[in-house]
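Alright, structures below, take your time with them.
Look at the two complexes coming up: chain A is in both, with chain B in one and chain C in the other.
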Partner chain A sequence: MTTSVAMHMSDGLLNSPTTLLFIGVAVVGVGFAAVRARADLDDRTAPMAGLVAAFVFATQMLNFPVLAGVSGHLLGGALAAILVGPWVGALCVSIVLVVQALVFSDGGLSAIGANITNMALIGTAAGFLVALGLKRFAARGRAGLVAVAFVAALVNTVVASLGFVLEFAIGGDAAFDLGTVAATILGVHVLIGIGEGVITALTVGAVAAVRPDLVYLLRGTQKPLELRGKAAA
Partner chain B sequence: MGAGHAHLLHRPGDTAVHRLPAQVKVVAALAVVLCVVSTPRGEFAAFGLYLLLLACVWALARVPPGWLAKRALIEAPFVVLAVVLPFTAGGPTVGLLGLRLSETGLLAGWNILAKGTLGVLVSLTLSATTSPRDLLVGLQRLRVPALVITIATLMLRYLEVISAEAARMRVARICRGHDPRFLWQAGATARAVGTLFIRSYERGERVHLAMVSRGWTGTMPDAGRAAAPRTWLAGLVPAVGAALVLGTTLWG
Partner chain C sequence: MTTNPRRNTGFLLGFLLIALVLAGGVSYFADSDPDGLDHATLQGCEVRETPEGEELLGDCIARNAQDHKLADSPFADYAVNGDEGLSGVAGVLGVVVTLVLAGGLFWVLRKRPAKQ
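Showing the complex of A and B:
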């Protein structure tokens, strides 16, 4: 028997000025991501991003075992960033979060800005920057790519949880000891991040084995086809 | 599929709440939640009034409270936080049933529990009385950029297809003896996720070509209609009620 839990922040954790502040941050961030996503996909943006968002949504329904009896589900930020790029990735994860809040009541309506900021903006950006920094290793071969994807997903999860700690420091309840909150949240998310990292790494490996051209991170690293011999003349 | 989002929360109906344009409902829900979040934690009566206000909306929309209570359990992880707090926070303590509990911790726990529960009840009321399609039309009327609406529309439309594909792959794995218990046995699941991505992406390419061949111009037609000022007034009654409650607690 596995249990599923909502991973998104609910209402009441942050005070109202902070929720409004992060709704503003989310609107600006998603707007910027939308503009850059259009540059990546041009007129294909809508259908491609729509299907990638449906994919992210579907992977969040897919449980994987963490320990006996405990199962987690993928958050998908780093996975989306590595496969379709940071802009389309951030846009898709944001839209998934909005639909989850409005249609599926997962995550508080007032916390939606903070949830988007953490999971879609900060997390995806951190994951992608790590992957970009380690691109040299990723381009070397399958093992390198898988290792980079693991690290990126782990960092993505941990940094996204740091976003929560930051928001809590700004507008959380003073009754909490911030050090305890940070330690608990970080501890839990390192564990979640390891699971996320393993699944992300294996998934990226599986995609790269079949359609390496679809992996955004590997763009520009493939050698052009070289024709040798007399037939070319 | 154990987790979360497989079941739509929408309960079709034909009440005044159902018929209200979605943009009005989204604004009203957000306003009520912001009022709830802004209420000082010690104002216990105010939280009761919010619940009463919601109960009136449920009666009007004919949503049974039991149905709501069952779905509100999604909030459970945060309730754990609220229960742990009275034991961990410092400050003056009170005795309750033979336990020494921190007073500030109790209040902070109550704060999260009350606001989180009211928040999820407001969200559930919105989801139960508005179809996903209408919600997106409502967002469109609220001037959310067309690109975001189009992506969200296509996502919702293909969600069933992609989920069904994921479910078929899972059944196929189980048929072949797949029974993972530990993280290091997750390889088959991950390869299935990879395959699912490739199939989704390639389906996206086909969907794009199909749309272009049917005259896709880059924007979706606006399916909604503007709400009349009177509809706005009627729809915002709960929000005004919540604002009055908040106002009396702040200045009363």
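Showing the complex of A and C:
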């Protein structure tokens, strides 16, 4: 039976064709991310990226309460993408999910495709696109960056949860009403997204305070910020 | 943008220390209630604790969930050989394994500076 420690989709929630379909999506997506990630990795950013993955693993263990009897935890896609870029970020979350499934029996072995698709690909992409769209606010200073990180992480959580709804619509147990499932999933993930937003904002803000050069989203924005000068330190 | 190598190492060690403290210590304070996904898949069921584990009464999506194929592995469910009191140890192990795998992969994938 399911245990209360598991945080990700178990095997058996989706039918076999859908399970296989999303294994395919995950393989293609992670492979593409690995190719694109090379350009963002060098001697300075590679160790940082490894630590971001380790940090996402640690933070995913910290379930926080969102409703009576319901908890939530960080997914980490937006956090990783803002710090190390979307391609490396997607790899960070994927590696976390693989370690959780293989070492800690958290998330089914065949459901790993769907779990990677939702949290590492869809969530990371959504969070990063929001952060990219709001980049000019993030470049204005730390308050702007922290606010952008919050919004990007909130969107990342909600959109990632929509991935489950999509998968369930394609290959879930038709005995359950999709609208009810979607409403429950979405409602609770808006709340979890607020928690994800707070944790992401705190983390990105802390890194930016000491090492703004290691924040991917701020690349190319650092010099003008210093030149303006009169912004309060 | 050049960074003092010693300052860089200090930052990275600090980041690692925070991850270890979160996984090894703060994780004991984590909420053990079902997460958002489990909450949704458990709608319609009542969870009853039995000596053999949890039993689901009623009709819910989670009844379709299969046991994990590695459910008997030593660190299953973030415990150590079933001892949930050692979940912090499991967490520290997870941080280290993730760091080695991810750091190793990223180090291999990284752009090397062209030889001059």
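As a working rule, the second predicted complex is superposed on the first by the 196 of 233 C-alpha atoms of A that agree within 3 Å, B and C clash if a C-alpha of one lies under 4 Å from a C-alpha of the other, contacts with A are read in each partner's own complex, and residues count from 1 in each chain.
We take it that a contact is a pair of C-beta atoms (placed from the backbone, for glycine too) under 8 Å apart; a residue touches a chain by one contact, two chains touch by 3 or more.
Fair warning: this is a prediction, and the values are worked out from it, not measured in the lab.
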{"item": "Which of chain B and chain C A:Val30 touches, first, second, both or neither", "value": "first"}
{"item": "Contacts of A:Gly205 with chain B and chain C, given as first, second, both or neither", "value": "first"}
{"item": "Partner chain(s) touched by A:Asp213 [first = chain B, second = chain C, both, neither]", "value": "second"}
{"item": "Partner chain(s) touched by A:Leu74 [first = chain B, second = chain C, both, neither]", "value": "first"}
{"item": "Partner chain(s) touched by A:Ile192 [first = chain B, second = chain C, both, neither]", "value": "second"}
{"item": "Touching partner for A:Leu109 - first (chain B), second (chain C), both, neither", "value": "both"}
{"item": "Residues on chain A lying within both footprints (that of chain B and that of chain C)", "value": "2-6, 10-13, 34, 38, 43-55, 57-59, 61-67, 71, 73, 91-92, 95-96, 98-106, 108-109, 173, 175-176, 180, 207, 210-211, 214"}
{"item": "For the chain C and chain A complex, residues of the former touching the latter", "value": "1, 3, 8, 11-12, 15-16, 18-20, 22-23, 26-27, 29-41, 43, 47, 53-56, 59-62, 64-71, 73, 75-79, 90-91, 93-99, 101-107, 109-111, 113"}
{"item": "Touching residues on chain A, where the partner in the complex is chain B", "value": "2-6, 10-16, 19-20, 30-31, 34, 38, 43-55, 57-68, 71, 73-74, 83, 91-92, 95-96, 98-106, 108-111, 173, 175-177, 180, 194-195, 198-199, 201-207, 209-211, 214"}
{"item": "Residue numbers on chain A that touch chain C, as the complex places them", "value": "1-13, 34, 37-39, 41-59, 61-67, 69-73, 88, 91-92, 95-96, 98-106, 108-109, 161, 164, 168, 172-173, 175-176, 180-181, 184-185, 188-189, 191-192, 207, 210-211, 213-214, 222"}
{"item": "Residues of chain B touching chain A in the complex", "value": "1-6, 8-10, 26, 29-30, 33-34, 36-38, 71, 74-78, 85, 88-91, 102, 104-105, 107-108, 111-116, 118-120, 122-124, 126-127, 132, 135, 139, 145, 147-148, 150-159, 161-163, 165-166, 170, 180-187, 189-198, 200-201, 203-205, 207-208, 211-212, 218"}
